[in-house]
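Letters A, B, C and D name the chains as they come in the text, with residue numbers starting at 1 for each one.
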Amino acid sequence: MSQAILKVEGITKTFPGVKALDNVSFDIRPGEVHALVGENGAGKSTLMKTLAGLHRCDGGEIFYQGAPLSLSGPLDARRKGILLIHQELSLSPELSVAENIYLGAWQTNRFGMLKKRELRRNATTALEALGCGFGPDVRLGTLSVAMQQMVEIARAEAFSANVVIFDEPTASLTDSEKDQLFQTIRGLKARGVGIVYISHKMDEIFDITDRITVLRDGQVQGTVDTADTDLNQITRMMIGRTLDAYFVKAKAEFGDEVLRVEGLSKRGLFSDASFSVRQGEVLGLYGLVGAGRSELVETVFGVRRADAGRLFWKGREIDWPTPRQSIDMGMALVPESRKEQGLVLMMGGRENTSLPHLRRFSDLTVMNRAREMAVYEKYRSALSIKTTGPDQAVSQLSGGNQQKFVLAKWLCAEPGLIILDEPTRGIDVGSKSAIHELIADLAEQGLAVIVISSEMPEVLGVSHRVLAMSEGSIVAEFKGDAMTEEHLIDSVSHAREPVAAE
Amino acid sequence: QEAPDWLGGELKKPLSETRIGITVLYPGSNAYQAKYAETAESYSEELGIQATVMDPQGDPAVQFNQIQDMASQRLDALVVWPTSQNALIPAIRNASRSDIPVITSNSPIGEAGRRYVVAHTGPDDCAQAEQAAEMLGDALGGEGDIVVVEGTPGYSVSILRKNCFLDKLADEYPDVTILASQTAEWNREKAQTVMETYLTQFGDEIDGVYAFDDGMGLGVISALQGAGKEPGEVKVVTCNQFGEGWDAMKAGWHSGSNKQSPVDDAILAIQTAVKVANGIEVPEMQGIDTPKVLPENVDEFDRPTW
Amino acid sequence: MRRHGLIIAFLVFLVGVAVNASAFLTPGNIMDVLRQVSITGLMAVGVTFVVLTGRLDLSVGSLLTLLTVIVVDQHNVVGPFPAIMMTLLAGACIGAFNGVLVGFVGLNALIVTLAMLSFLQGLVLFYSGGSNVNVENAQATWFAVFGRGTFLGLPVPVVIFLLGALIAGLVLQFTSFGRKVYGVGGNETASIFSGIDARWTVFWTYVISGLATGVAAIVMGSRVMGAQNTIGQGYELTVLAGIILGGTSLLGGSGSIWRTVIGISMLGFIQNGLLLLGFPYYVQWLVTWVIIIIAVWIDLGAKRGRIFA
Amino acid sequence: MSLTSTDIRSGSHLRIGLSWLLRNHIWVFLALTVAVFSLASPYFLTANNIGNILTQGAFIGILAIGMTMVMIDGEIDLSVGATLALASALAIGLQTHIGIWPAVFVGLLSGAALGFLNGTLVALSGMHSFIVTLGGLIGIRGLVFVYTGENALMVPDFSYTEIPEIYLGPISMTAIIFFGLAFFFQWILSSTRHGRETYAVGDNIEAAHDAGINVKRHKIINFTLCGTLAAVCGILLSMRLGTAEPNAGRIWELWTIIAVVLGGTRLQGGFGSMWMTIGGVLTLAVLRNGLRLLNTPNYVELMVMGAVLILALVLDKLLKRQEAT
């Protein structure tokens, strides 16, 4: 293999109270896709932010194209050819696509005026190179998440990057969008660009990467060639043990119907959705991003109002509930965005856990701290959440641990129906399989479970029955042997033609 | 139409077609201003003239705009109670240049602008402050330690009531010492707060208090009562007596103030404006009386209704 | 140390002034200061609820004026007890009106309460016709007790203030309503997903703010035994400055009542201390400026573990 | 035209027009108020009165330009009223010592310096600008009093007040300066690097920072601009009044914020323009002038202003909801 384009030697980074990176060394070669994997909070994002000039490391050295690299900031890194595509998109919705591609690096003439024409032209070139279906003048806020991500990737073209870092790029992409992304990555690779690829999705890692570096608690566990390793070895390096099964399905013993929805419609979002779910059943809801699944379940839960439709809870028809009523009835919704919808970031785990059930944790409105602590402790250890204490602000936790608190806050209500919207997005394999086991457990305890996922193996792996949703309509239902990847893809890609349910 | 007696000339046009603009403000002592405005309105109605009364809310720039707007309506005369001695000079100059006569009421504008003003009417703030100095000096027998409670700083009334008082005191009562001087922003409650702090700080050293108006004077008296003082133990002198101040004086808490009638003030201003609107000569300066009100002669005055 | 940086800074200031002005730290003066801050303090306690939800209430100054005028004027008409009830009711209603506009209609709080500031100022002038109002039988009414009385040797305003602060503090720390206030302030969407009706929570904080201003107006009316239509002017800024000085975040979700009490007392002691040292009042403004910047900065720096952002 | 966006779902011209209107509804509001007052008062639609409105609006307008820059950044500046008072005091007070134009220059400099101070404090400390500038609102007023010694300062020579007495028809120099500055800053916003950065910073500060925009320096620049514009306003005011009042500009910051928000610029940043601000400023000026022409009592004016503001917010809300569906 050729000389490394970027080489990290012994870097260390400490945050108050956490040693995020501990003597980390690794390298990136031109034309390779180098995977970085590890549990939540292992330090992957921190390492990459250090390379992209967003963090300054406390010790160690970085060599870029053979020479020691010192970065004055993120723009400096981009100009030098190191581009980070963030875990959370890093764009400005009110600006145009072209302006976003060159965000912060706009060319100006002598008078400080933007060279708008040049900006447009260059942006168009970059967008065309990626085969994007939109122009440079569109306001970014009107694009879908996948399209926005393409805008970030267009920066790689625009700055002719030598190193491109993807931090969990597929977290909010559908399979077809993912395929498109992979094509783009292969294109970059062919041009000799060194690529770092961070993901929790192991199939992707084995699909696209050449080498894998495993990080654990801020330390490098080792670097291996992808061709020479297997899932078990990587898993063991990541979490110190192997997993026997990646997907567990609950025993199919169904009880009474818990929820039935008939003809639910909301103009512009979804129409005529009908389904039901029984005790002990795991119902999968599959669809492409933007299919309207989140909106559908949010409406059922009462965060949004429907235009039409009927709702039956345990056989009785009920009025459209408010979230409060839904919770009291025994419904729980684990929302898809933990930071916006799931957690009060400056509160600790304890207060977040009890937030939906204040009445249960209070006597005549006075909070009962002991009861709160007991429940908090139970679910913290059950989900093995890493914190320094019940009042540590959850904003200080890694994404995965945050996600576990979102789960904790809903599980502690012991609901009759739990709806999980992308429950494993951004969660490491270890925790992911823990969540899958949990889903199975819950179902076996008699809960009804609805799982929304854009990951086909997951939705097939955990559900007893799968609904496919496309452009706001439930287009197909699969169970038993009919639950195959081919059927699912088939159903959602023929958007308008309803597929016969099997 | 018959011309009223006080006019001293012929009406050029009927009173019902005479249009007068009035912009009044007396920062803080809104009771006085309210009575003034009320009188201005009721008296205009009585005369049958068209009058507009505006409040610049203490902001000279707003008053500036008001004068501009009234000038553009081509009123027959403007009555301006200036919020600032000098800031309105350009506005008044412009009005006078477009042949709209301006009368200042209650407080005069600065020297530089006098030539754009047809006449000035009203009490003399400076004279009142000097009276206050005399009353306090006399009440203390020419010597003692006093504290001062000021109005909102920066307005012409405050400036006159401060400087004229200080000058008079320095000239005629050199043995009266000023311990401290603080603003209470024409606010009764803040005056009470300021006085309480003085009492903590100086205790029994304080022999007298000068407050710029009666509202703040009443706050001072509340503080004295709170501190367990006897009526008259500390001499309180203010400018411009209000109804409650009159009561306090009868009860012995108040040692001197002066009577200034918003009714007289407003009527004089409007009469002058009507004269000017009809092209009748008026004296450049017309004052209203502000007699001293002292515990000795308080019964000679009616209780003020403001 | 981190949590108490504020208190330490405050103590340093107190000692500094006391060394230079002997009257400063006498029990009498401390009581005076507490009495003087009791009105703004009561308002600040109410507004703290609003600020904790990440919103503002700039209308409290005008509201204080209106309510003081109402309580004093109605005292002469219907007597003290009904007047007090009317004042509290009026305060709660106007708070509720703000609450509907901000909580339910979802309008921007800064602008709504700014508009309300103007509107209430107009209402005061309309109600009073511009003139001052006074309690007619000032000597004979028990109404005087709120502003002038003492209870167990403490001035009643101070007792009301501290009692109000205590109740408010307990409500915020230990009740589910308090938790909702912090939840909505910390992350409104997440709170809605957790079944909290953010609209009602916000609504109630404004009602509390209006009620607290009502109590403050009663103390004010009783202390002054009269009202003029500028009496509460500018109080909204003092209240906000006190809350900010205490370190309660304007973004919502973090802060507390004890911080507000400290902040507002600090302002009172600054004002009083500089008066005692004989500085012109405008020096007090300069000092307030410097202290707000330094205190909030230190507080923020301690929270994030770094001085510079 | 809204220069910040191009609508991807653009359909017919009608739709574009409608969506333009939804994003610029202030102009509809302005037209409405103008229509009402024209009918109600014969003096309203006179060249002289229009001139007055423009001049009167220009002062808040100039403050509003700076405020718009800061607000698109997602910040706020409450200290502009006090800053303008200081600039006007310096411009007048120093005249006898150093001459008219040097004094004016020092006035401008003081505004720039205070803006710089605000910006630096916001950037370095990470405090919310509401807090920093609330402190400034209190403290800078103190500086004014220290300098003026509580007195209103008067110009030594009243010819100073004739400097802005240049008219283009009924339009005064002050109004021309306002419009000139507004156009200039609109150009800055839409066509310069700094302007686009302003949107980027206000819209998504993390993204702007991660993209290597020097967010701190950027904010300092905008606060400095805002302070300088406040000083411009203060100097024009001193030329208008011939006097520097220590209380000049009290609560003007509130009127300024009201004007900017009325225009449609968002307090949370990332969205807005000078066009909107001009609309807001004119609407406010028309309302205040019209009510005065109708001889409404003071309390009615206060109540109407409050009500209109709330109405405008409700309208904005309804239109946004309309736009969403």
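In this text, contacts are C-beta pairs under 8 Å (C-beta built on N, C-alpha and C of every residue); 3 or more make two chains touch, one makes a residue touch a chain.
Note that the structure is predicted; figures quoted are calculated from it, not measured.
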Reference subunit A; chain at largest CA-centroid distance: B
Geometric centre distance via CA averages, subunit D-subunit B, whole Å: 35
Inter-centroid spacing, subunit C versus subunit A (mean Cα positions, whole Å): 44
Interchain centroid distance [CA atoms averaged], subunit A/subunit B, Å: 71
CA centroid of subunit B to CA centroid of subunit C, Å: 33
Subunit B: positions in contact with at least two other chains: 153
Multi-partner residues of subunit C (each touching 2 or more other chains): 282
Where subunit D touches two or more other chains, by residue: 145, 150, 297-298
Touch relationships between chains, expressed as pairs: A-C, A-D, B-C, B-D, C-D
In the complex, subunit A residues that touch subunit D: 53-54, 73-78, 84, 86, 88-96, 99, 103-106, 108, 112-114, 116, 134, 137-139, 141-143, 267-268
Subunit C residues touching subunit A - in the complex, by the definition given at the top: 174-180, 182-183, 186-187, 189-197, 253-254, 305
Subunit D to subunit B touching residues, read off their complex: 43, 46, 48-49, 52, 55-56, 59, 145, 148, 150-152, 154, 158, 161, 237, 240-243, 245-251, 288-289, 292-293, 295, 297-298
Residue ranges of subunit D in contact with subunit C within the complex: 121, 123-128, 130-132, 134-143, 145-146, 150, 216, 254, 257-258, 261, 267, 297-307, 309-310, 313-314, 317
Subunit B - residues contacting subunit C, complex: 28, 30-31, 33-35, 37-38, 153, 180, 182-183, 185-189, 192-194, 196-197, 200-201, 215, 218-219, 222, 226, 242-244, 306
